[in-house]
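For clarity, chains are labelled A, B, C and D in written order, and residue numbers in each chain start from 1.
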């Protein structure tokens, strides 16, 4: 239960921080504007910064697979992921951005050699992008057993029909991994499979970018229609009807990554609040001397530090005892961290006043995008329900 | 202390509700898109709906002045204002939108006959728009004594120099009312005057629309530079150095209007939550049967109803005893209602899940725009401070 | 919807306040000590003060029945009840204390002339006390359909067997009104009856005073065993199997009384906080100048005023449209007010520091006794559930 | 940063848990009753259990001094202290109860050999008890520079005059350690000294046990008057005018102990909630299946685990880098843990309903006594203020 980062990790941390200072923070505002305006994931400025990161080897640090990735444990990756979380563009800069990370992980773990060559390697190189097609507008994402999209084998091809949305990053992606029912009569968690769908497959229709929190730009959160969409039989990823197993394999580390990034976001916002409180003057002194502001700063620091320790503990437990044993802690951080992030951001906005409402700082964006973390990958309520049930069992 | 609406008010309420159902809700999404895309306050669809509202006399209901407006008391206007609050476009539809309402109020109260004819009447007709230029980027809006912009008389003209932002609605406005220091050596609250500035005056520079919560479209929240901006001497509004008096006169009713609109917003979001909870199914039943959801609904109902009663009480007190006596209640609703709105919206988003993050419902917009209400017209903290001080005095 | 108190009510309010200042506050601490030490509801000091209150006609103000009581509406009684709530001993001083008030109400409404003469009149005179025997230790009070105690007719007598606790005020009471199952096969809400049980009836066993929040003194919250307890047939109160109807009749006004008293408690604690904040000095000034303290004061004032308005609204609605129509509002205040009280008290304790933990002020007692209000007469959660369901129905 | 307990600690933990199960939990209720009724710290049952604990060597585990105590680090003692925190009588059972622990620590660190022999050794043996006399009723404990009690040297004796309260454990104590001003003209933190005062010294007057949360029994929270109280010159503890240094030395570990005990209290209450939720039935099933209850359980688990990790981190930092470096973390846990405890207890009470209000479980007592932890040793607000200031400095 030793949370101290190793020397290797400390070195990477320093390199990342230096890179953030030199290339990420100074270009962040312009890069985001480019993304918003040209509706691309990687407009020119992003391509340039990504090239530098790749050249320095600050690349694919998320992937625990030693052959394909950096081979770091969750606990090792955690502080690095936190650094990347500090800027909205950084995960993409270092090729560590969702949903590509999750897709690369499952391709590395479940892919055939051919699938790895065809789909994983270009993603690792950063030459393509991917999306994950799971959420459906008609059914509650909180209850994944309601899945409606279907795939049936027709000769050598899967024929997929379904309706998805929140397929994030679909604009410009080369592949989607789609979660579809392949055995409708089986028990709920044994019904689905995951299938690799090239986005140029016939019947893959990108209907629209869903406008989310006022934005329908960049790589998008897309609505997709699979209309008799046909892909080769061998595009099945992992075992037939094993979709939920793969989804679970994807979720554990994914949630830890989301949480570590969210801690980085919170620290970024927190720093902005402190700097503002030190310099903004009202009623005869810097506002940092007012107790209303001190309350925000102190409470935020306490919440962030507690949340970080819980994430490190979850990461350590997952590394030491496996995903199954660490389920309770993973559920817990999935609730704790996004809620902490929203509370911290809310205080920072209030402290910044009208500046906090503007996009002259990254805080307003962190706040409105961060809100999704309490919903995605299972809403708070589902995680609380399972956490409570496990506790109740301990005392049954 | 009778909060029951009169028959006159009930009739207006019904007319407004009918109009909302017929013209506002069905066109709301498209109108907002038009505003966002063409960067105008009144794109074609808005012009059309506004015409209908005006024709029906559902127009300028906010103005207590019997000659120029509807002559309603605050308590009478409150339920009507709530109805308008239910749609982001409705206040503009009925010519009851900030900041024009506040500007019309002070022009009606403090304007000379000439000023009224030149500036107030076109606003009442809905032919022009206006903005209010008070907030400055360099100083805290919470402490208005820090005001830096200045105006000096040079012959028959005011020469204004200053830097403002959050001058909402400046794009396309015909006039700004600017708050500027005219007597820098006077006591803080006796330093400023309000001056009417035509937006085509020399030296009035609209620098940029500040991007707020990801948006820099529509009539904008603008950054303005007054660079030796010259306007005729007679553009002084009200008494010389009486800027704070006018600002206070503006704020009392303005805050009540904001609060009543916010209650309408909360009710709209609340209704969307209930309808979703009745129909969305997860884990074997409509989610409205889950206690997590019931908690949101019950708590929201309690908060909304309490907040509304407090606003009605503040309105009644202001009508009965005047703005000065009702200061405590006005400060209180200014804190209570925007916080209630944010809590209710947060629950609605969580209940709606990914749909709540999208712009397929108005909730996400209410949430991100509503956040400003805890900051504008004095942040929560300033109001809490004055509320506490008045209570402490009662027991001194 | 006029909440203004009538002249009659204002006069009573003044009389009550004068009486509180002259007799209640100065004797409160000693009276409570006497109650705690001698284990009686009415030790000598209480008897003396009660005599004075009765002589002045400040007596039985709660009872809407014009023949037996003051004939005030709920809205009229509300501000008077608030005044009484300010001191833990005041309700008893004015013969307006639970559970006697509820018992008197149902005796007045459902009692036969003989029952009224035998049981109601001595209670109205203040010569006896009574208790209400409903809660059972084995089943959840939240779900009253689980009631287990039974009564069967044996000749001219009811034979009661059952186990109750939280029979408040049983020590020294002359009668209990017991809620018992008389028709076990009927639908849940048609199973029970209410029966008047003299506490000297054979088989009525007062097992112990349950120690509640560290106290087992005074009239007690008692555990009772009904062991073949026999009472005359004519002791049935109201219709046979009509126990739930009577319980409902009792609960509506009872909840409003509890809530109004709780507002009085909150105001008392609030006043103590403000006086302390004005005089206690730390870090170079009165603590009322610190923003941490201002936050407590402002937020408490906002919560109290909102809660009071909601209670007045519920009372007005109940008076105007009846208990059935006002159910939603009564449920709402039952949640809102006790939670508000606890939050306010918590802030007051924090503001008073170690003094707040001590019994040198009434705050610590208000806090620990007030906690029961979130549980008694239906816990928060049951009321939230029904509030949510009614809202959901509106949008079904 | 390794939080894993050593084998030595694990063994002690098991021994403690076994002892708790065998001797503490089964006797807890009766022991507390004895303490409440006979007004002694160690009534017969306590003496008996303490004898057993001492015989087994489960004794003085808190004392890091290897000569006099167990020589455990803060991190080692933390999980043991948590176990002891689970019962209100356990700290005393194992001779690890405040304020004796703090007194023993400073006697071990600052005492002369003679002082150790005379005062420390009997405390370590458990033959006597002690109290700490710091808080004064006239001044805010939050601002220790207001200290008013004084001591002046008169020949070979200190003559002490002052007024203290919240001198916990004074009834039956053999000594008090009094914090008194010895150099009134020095800078605030260099004014005071600590002096050992035998409770039978002339002029040491125990005025009353202050009733705290309804209780004035047991060893008491006493009000003391020092009225020309005379003690030998050599009773000065540590350096002259070094009172604040000693107080600080006392506070660091003291706060960690309080926090670890509070985590034990929270776990105890949590366990009671879960067991109740598993067995209590309402509305057709165990209440643990209701989401309202699941919310309480999940949130409590998340809060407890986060708080514990932060305490372990503070303990590790204090052990590794010293009290000075760990100040920020110690301040943070001092706020986080007591607030967490109150929230958890509040939920447990609500879950238990009327049972939770009664003293049939330990929860009601934990709740009302636990409230003091947000006030003692510096209220929340003082700690938040210093935490905020340190954060602000990092970004200055």
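To be clear about the criterion, contacts are C-beta pairs under 8 Å (C-beta built on N, C-alpha and C of every residue); 3 or more make two chains touch, one makes a residue touch a chain.
All of these numbers come straight from a predicted model, not from anything done at the bench.
Across the two candidate interfaces, A-D and A-C, the one carrying more C-beta contacts is A-D. Here the spacing of subunit A and subunit B, counted between their Cα centres, is 37 Å.
Subunit A and subunit D have centres, each the mean of its CA atoms, that are 44 Å apart.
Note: centroid distance subunit A to subunit C, computed from Cα atoms, is 53 Å. Within subunit B, the positions touching two or more other chains are listed as 290-292, 295, 381, 384. Taken chain by chain, the contacts link every pair, so each chain touches all the others.
Every residue of subunit C that touches subunit D in the complex is listed here, in rising order: 135, 137, 139-143, 146, 165-166, 210-216, 221, 280-283, 287, 290, 292, 349-350, 353-360, 364-365, 367-368, 371-372, 374-376, 379-381, 384. Here subunit D touches subunit B in the complex through residues 290-292, 295, going by the rule given at the top.
By the touch rule above, subunit B contacts subunit C in their complex via residues 1-4, 270-271, 274-275, 277-278, 288, 291, 293-295, 297-299, 301-302, 305-307, 309-310, 313, 329, 332, 335-336, 381, 383-385, 387-389, 391-392, 394-396.
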